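Both of the next two complexes hold chain A, though its partner changes from chain B to chain C.
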Partner chain A sequence: MTSPTTEREERSTTSGAGAEPPRTPRTSRWGSLPLPARHLLLAALGLAAVTGLLFATGDLTALRIAAIGYTMLAIAGLQLLVGGSGQVSLGHGAFMMIGAYTMALLILHQPMLPLAANLGIIVVVSIVAGVAVGAATARLHGPYLAGATLILAVGLPGLTHRYHEVFGGSNGLNIRTAGAPPFLDGLLSTSEWRALVVWTTVVIGLAVLATISAGRLGRRMRALRDDETAAAMAGIPVGKTKVVAFVIASTAGGLAGGLQAYVLGTVTPSSFTLVLSLTLLAALVLGGIGSLWGALWASVAIVYLEIWARDLARAMDMSRNAENNLPVVFFGIVLILILRFWPLGVHGALQSLRARLRARSSSS
Partner chain B sequence: MRERSGTRAALASALALVLLATACSGAGEVGDSAEVDLDVAPGVTDDSVIIGSHQPLTGPAAPGYLAVSQGAAAVFDYVNAQGGVNGREIDYRVEDDKYDPSETIDVTRQLVIEDEIFAMVGGLGTPTHSGVLDYLNEEGVPDVFPSSGALAWNNTEEHPLTYGWQTDYTKEAKIQGEYIVENFPDQNVGYLFQNDDIGEDSQAGLDQYLSDEVVTRQHYESDVPDLSSQMAEMEDSGAEVIVCSCIPAFVALAMLEAAGMGYEPQWVVSSIGGDTATLQALLAEFTDGTDAEDVPADAFLDGALITSYMPRVEDEDDDWGQFFLSVYDEYGDGGAPTNTHVFGMTQAVMFAQVLKSAGEDLTRQSLIDALETQEWQGPGFTPFSSSDGDHGGHEGVYVVQYKAGGTIEMVQEARVTDREGGPIEEVDFERLSPEDLPFHD
Partner chain C sequence: MNYFITLTLNGLASGAAYAALALSLVIIYQATRLVNFAQPALALLSVYTAYTVTQLTGSYWLGFAAALTTGLLVGAFVERVIVRPIARTSQLNAIIVTLGLLLVVQGAVGMIWGNEQHGFRYAFSYVGRFSPADVFSLVAVGVVALLLFGLYRFTPLGLRMRAAAFHPEAARLSGVKVGLMLTAGWGIASLIGALAGMLAGPPFISPNVFDVVFVFGITAAVVGGLDNPFGAVIGGLLIGLGMSYVSGFVGPELATLTALAIVVIVLSVRPDGILSRPTARKV
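Up next, the complex of A and B:
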C-alpha cells in the first residue's frame, strides 16, 4: 500500500469533497482560511453542483446520483483506512449492513424520530461496532487483518437468519420514509429530495474525512502505513491510531448503509454479501487508492459501468446469455486495463495527464 | 472568484439549513399518497404495447428461475406471430435484478421511467418484489401477477394495483394438510421448510389440520446447502410423511440425504419445489461422482405427491400442457420446457387474455377494469380471483403423484380454500382449450 507520490498525494487529499478542484493559488485569502472551513466551502460547492445536476436530469438519474453519493461515502471511509493507514479490510460491507439495519429498525419502531437523529444514532452504533472490531483486530497485520474482517462480511448476514423475528430473515425489512416536505411540492420529486438529503450528509462526511486526512491524524496514519517501526519510534501510538482509523472507516460505512436504506426503502442480507465488500475494495483500487477523489471515480464506476455495459450489449445485439454476463466481464476488464496502464487508478491517470498538460504549456 | 463562490456557498448552506430544518419531522411518518391517474396509456401505441418484468437472469437464483421469463417470452412471441392482441404486438422487456432487492429498485425505475412500460408483469421473488410494491402503486403502474406466493400481494387497501397470481403458501398448505389427514391417517408428519415467509405461511396452513400428527419441524436457510442434520432429526422423530415447503434445490437435497440414510418417507412437495424436470436435473447433478451415480434420478422421485395449480408438461392428456410444449418448441430458447417454463407461459397467456378483454381503447384503467371483471377459464386448474377486494390469484391446488418413468397421476382434483380458517371445498371448474381461449388476434 505504499505510494511513491507522497507530496502529490498530500495536495490531493486536502482538496476534499467538492466537485471541482480548487484553482486558487495558495497565496490568496483562500489559502489563509483554516482547513475545516475550506473543506466545508468545497463541500457546499459540491452540493450546489449536485443540486444543479439533479435539476438538469430526471427521476431515474436522481436515484443513481443518490447511489453514487452513499457508495462514495463508504469508499471514502475505506480509502482512509486502506490508502491512509495501510490496513486492508474485506468487511466494509458488513458496516454498511449495520448502518442499513439500524436505519430500518429505527424507522420501523421509532417512526417519530427525525432523519437527522436516525443518522446520529447510526454514527454512534457504527462507532461502537468499529471500536469493538478495531480493538480486536488492531494487533493483526496484512492478510491476517483481511482474514479477520472477512469473517465479518461472511458471518454478519447470517445473523439475520438466526434472529428471524427482529431482522426479517432473507426477506429483510421494508420501510417507508417521508418524501419531500410539502412546501417543496412540485419543485422536487421524492427521489430528488432523497438524493439531496443523501448528498448533504455525504459532503459533510467527506469534508470531515478530508480534514482528518490532512491533519495530524492523517499524517500519523501515513507514517504507520509507510513504516510501522519508524512511526512507533517517532512516538506515534501505533495501536491507538490503527483503531481510530478503523473506527472512522466503519462510521463512514455505517452512515453510507443508513443512507442506502433510506433511499431504497428495503434492506436484505443479500445486498450485503462478501461480493459487496470486495466490489468496494476493487472499485477503490480502480478509482485511485491514494486520494479521496478516487472514491468519486470508484462510486461512479460501481453505479454506471454496469449500466453502460448493459446498453453496450443491447446496442451490439448480443445473445441473451452474453448480454446477461457482459457487465461482470466488463468491470473486470476495465479494472485490469486501468491497473496495467495507470497503477494509481483513474485519479492517478488524470493527475499525470494534468501534469503533462502543465509541462507542455510551460515549455511552449 | 471569491465573491461568486461566496454567494454560491451561502446559497448552498441555506439549502442545507432548509434540509436540516425540514428533516425534523419523523422520518417514518408517511402521509397518505395522492390518488394516481389511471386514464393514461404509457408504452401503448396503435401497434404495440410495452410491458416489463424484473427477473434473476444472472447470479445464484438464475439457474432456478431463468426459465420463467424464457417461457413467458416464448408465449408472447407466439401471440405476436398470430397478429398480437387487438392489433398490438407485445414488447416484453426483461431486466436482470440478480435477485438483489437494491438492483430490483433500480431496474424497475428504469423500466417505468426510461422504457415507459404500460404494466409490470410477473416480477419475480418475495424480497425483490416487496421493495418495489409501494413504488409501482404510487406511480400508478399496474403490477400484474408477481411471481411469488407471498400473502403480501393480496392487500387491496394498500396496494390496489397489485394482482397476485400464485396460490398463496397458506392455501396450498391447508389443502396439503387435509389430504394427508384423509389419506395417511395417524401417521407421523414432519415439516421441512425454508426459514422465511414460505415456512411461516405454510405452517399456518398445515397446523390447521396436522397439529396432532406433526412430530418435528425442521427449517433450512436458502444460502446453506446442507440438510444432513435436519434429515437425521426427521428419521429420529419417526416422521413417515414429510411435507417439503422448499425450493427445488432443497427438495432434491432432502431426497438424496434421506436415500443415503435408507430412510423412505412419503414426500409431499409444494408447487414451488415440484417441477420434476428441474428436480431430475438437480438430482443427476448432485449424484454425479458419488456412489449413487448409477441410480436414475427418477427413482428418488417415485411416488412423491406434488401439489400444483398450473398445467404440467408431463401431462399427456392435457391440451394446455401439449400446447405449451409445441409453442416452446417453435419459439423457445431450445431444449425441453420444464414446469418452470410453464409457470411463465401460463402467466403470459393470462396476461394476454386480460389485454384482449381490455379492448381496443387501451388505458391502465381499462386494464384494471378488465382484471376486475375477467371470467377466468384456465389455463390454470383452479378458479382465479382478481376482483371485489380479493387479488389472491389462484384459489387452490390439485394433487398429483409422480411415477418413475415420467408420468403423473391426478390423485385429487382441484380444491379451493381461503387463507384463514375457512373450509376446503371441491370445485367444478371448466377450462377452455387453447383454441377456444381468446388471448390473441
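Up next, the complex of A and C:
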C-alpha cells in the first residue's frame, strides 16, 4: 500500500480490510480465514499501531488521535450509507448528537454503569432512532431525502431548548468521566487512556462495518445504489435494505457522538450544528467515497485542517473574526480544489498513483 | 380568533420569503438536477452587499438593486467557473461542491463583516398587523412568480432554457447554447435568492442568518415538488403557515421539527412533492 506516511497506514489497517493487498494469493493461510476473523485481526493490528503512536507522541496529540478516531467512525457509517446504498443523508450530525446526549445523561443519572454498558445502551438508542428516521424517510430518494435529513440536523438541537431541564439548554451538559484505571498509573495519562478507549471501540466498529460491506447486505446496498428498480426486480427488498443501511449509519454516528462526549466531557447543542453534518458528508467525498480508507483521510482532514488553519491565523496575526472563520473557509477551499482535480477524492488519487507506479515497475 | 388571523398573516408573509428561496432552488434543479446548497450563501453575499451599499449611500433601494445585481452576477460566475467543471464528473460531487461553497462564503462573510449581528432595515414599515413590509414580501414574490412563468412560457429565452433543461443534446442540435442557458438559469435563480434574502434578512443579519430560512426554503421546494415553480410557491406558503401556527400555539423551538413532520407526511403520500407528476421509466 502506498500511503504517504506509514503511521497513518498502520493506524487504519482495519479499514483497508476490504481492499486486500492484491499480491497475497487467495490460497494462502490468510485468505482461507473467514472474513470477520480477518477483519478482527486487522482491527487488533490497527489498535496496536495506535497504541504505539500514542506512546510515541505527547498528551495533546492523544486528544487529536481520539478526535480522529470518533470522527472516522461517524464518517465510516456515512460511507456505508452514501457510498454503499446511495442515500445522501445531511443529518448525520443529528445521530452524533443523540449518541452524545445519551452518553451524558447516562453518566449523570446512572454513574455506576461501566463505560461498555453505556456504549451498549447508545447502540440500542441509536438503532431505535435510526429505525424511526429510516422508516419515515424510506420512501424518499435523492434530494428529497437530503432535504428531510437536513431539517433533522437543524431541528433536533431545538429540542434541547424546549426540554431545558433535561438537556441543559444551550449550556448543555457537563460530565466527568473516569481516567486511566489505577494499575496503569504512571504508564498512561488520562487523555492517552481515553484515546485508547475510543480507538478500541472504533476499530471494532470498523471491523463490523467492513464485514457488513463485504457481505450480502453490502452487495444488496450497492445494487440499490446502482439501480433501484433493477434491484427490486432482482428480488432485493428495497425498503428494508434502505432502512437497515440507515440504521447502521445512525448506530456508527451515535457511537461516535457518545465517544466524543466521553472524550470532551461536555455536550452542547452548538457543537451539533448544520455545519457539522455538512462537513461530515463533504469530508467523506473529499476522502474518497468508495472505500473505508476514505473515512480515514476524511477524519484526518477534518481534525488537522482546522488545527492548521488556526495556527495559520495565529501566525498571521489575524483578527478574532478572521481566526474563527478561517478553518471553515480553508476546509471549503481544500474541498473544492480536491473535487476539481481529483474527482474520486484523496483515496481515488492515491489508488491511481499506485496503479501508475505499478505499471511503471512492471514495464521496466 | 383574532390571534389566529394574526398568525395566518404572519405565516403568509414569512412564507413568501421561503417561497422565493424555494423558487431559486427549483429553477436550478429543473435545469441541472442539482440542489444548490450554496443558495443561502449567495443570498448572504447579496444581502451583505446591500448592507454596505445602504451604509455608504444611505439609500435602501440602491442597496436593494445592488443585492439583486450581486445575486445575478455571482450566481452566473459560480455556475460557469466552479460548478460546471465539477458537475461533469459526478452528480454527488456537484452537490458537495455547492456545500463547499456554502462553507467558504459563510466563513468569508464572517471574516469580512464579522460574526456579530448587524441591524438591517425593512423595505417598508413593519409596524402593525399585516404591515406594509409584509404586503411588499407577498407582492414581490407573486410578481416574481408571474414574471418567471411569463419568461418560461412566452419568451424565446425561456423556451431555450426549457429546451436545454429538458433534453440538452437535442437542444444543442437545434442550435441552443446549452451552457449559456445554464449560466442564465443560475443567474436568475440567484437573483431570486437575493430577493429572498432581502425579504428574510431583517431585522438583523449575521453569517448564519439564512440557515433556518434555507431549511424552510428547501422544505418548501421538496414539499411542492422540485420540478414545479408553482409547487415551490405553494410549498413556501404552506410551510410559512405551519411554522407560524406551531410557533404561536406550541413553541418556536419546535418550528423546525414541524417542518420535518410536514415533509415526511406530504412525501409519504406523494413522494415527489404535491405538484409533480410521477414518471415512468424503463430499466
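The criterion applied here is as follows: the second predicted complex is superposed on the first by the 324 of 364 C-alpha atoms of A that agree within 3 Å, B and C clash if a C-alpha of one lies under 4 Å from a C-alpha of the other, contacts with A are read in each partner's own complex, and residues count from 1 in each chain.
Following the convention adopted for this analysis, a contact is a pair of C-beta atoms (placed from the backbone, for glycine too) under 8 Å apart; a residue touches a chain by one contact, two chains touch by 3 or more.
Note that the structure is predicted; figures quoted are calculated from it, not measured.
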Check: In the superposed arrangement, does A:R29 touch chain B (first), chain C (second), both or neither?
Finding: first
Next item on the list: Give one of first, second, both or neither to describe whether A:L339 is in contact with chain B, with chain C, with both, or with none.
Entry: second
Check: Regarding the shared-chain residue A:L41, is it in contact with chain B (first), chain C (second), both, or neither?
Finding: first
Item checked: Touched partner set for A:S85, first chain B, second chain C, both or neither -> neither
Notebook entry, point to check: Is A:H161 in contact with chain B, with chain C, with both, or with neither (first, second, both, neither)?
Noted result: both
Next item on the list: Applying the touch criterion given at the start, work out whether A:V328 contacts chain B, chain C, both or neither, answering first, second, both or neither.
Entry: both
Next item on the list: For A:T241, decide between first (touching chain B), second (touching chain C), both and neither.
Entry: neither
Notebook entry, point to check: For A:A282, is the partner it touches chain B (first), chain C (second), both, or none of the two (neither)?
Noted result: second
Note to self: Quick check on the output: what are the common chain A residues between the chain B footprint and the chain C footprint?
What the structure shows: 158, 161, 324-325, 328
Margin query: Quick check on the complex: what are the chain A residues that touch chain B?
Written below: 24, 28-30, 41, 44-45, 47-48, 51, 58-60, 63-64, 67, 106-108, 110-116, 118, 158, 161, 164, 169-172, 174-179, 181, 183-184, 196-197, 200, 260, 262, 264-266, 268, 270-271, 320, 324-325, 328
Notebook entry, point to check: Okay, in this complex, where on chain C does chain A touch?
Noted result: 29, 35, 37, 82, 85-86, 89-90, 92-93, 95-97, 99-104, 106-108, 110-111, 114-115, 207, 211-212, 215, 218-219, 221-222, 226, 251, 253-257, 259-260, 263-264, 267-268, 271-273, 281, 283
Note to self: Show me the residue ranges of chain A that touch chain C in the complex, using the header's touch definition.
What the structure shows: 82, 88, 136-137, 139-141, 143-144, 146-148, 150-152, 154-156, 158-159, 161-162, 227, 229-230, 233, 274-275, 278-279, 281-282, 285-286, 289, 321-322, 324-329, 331-333, 335-336, 339-340, 343
Notebook entry, point to check: What residues of chain B sit close enough to touch chain A in their complex?
Noted result: 1-2, 5, 8-9, 11-13, 15-16, 19-20, 22-31, 57-58, 62, 96, 99-102, 105-106, 109-110, 113-114, 126-127, 130-131, 133-134, 195-197, 221-223, 333
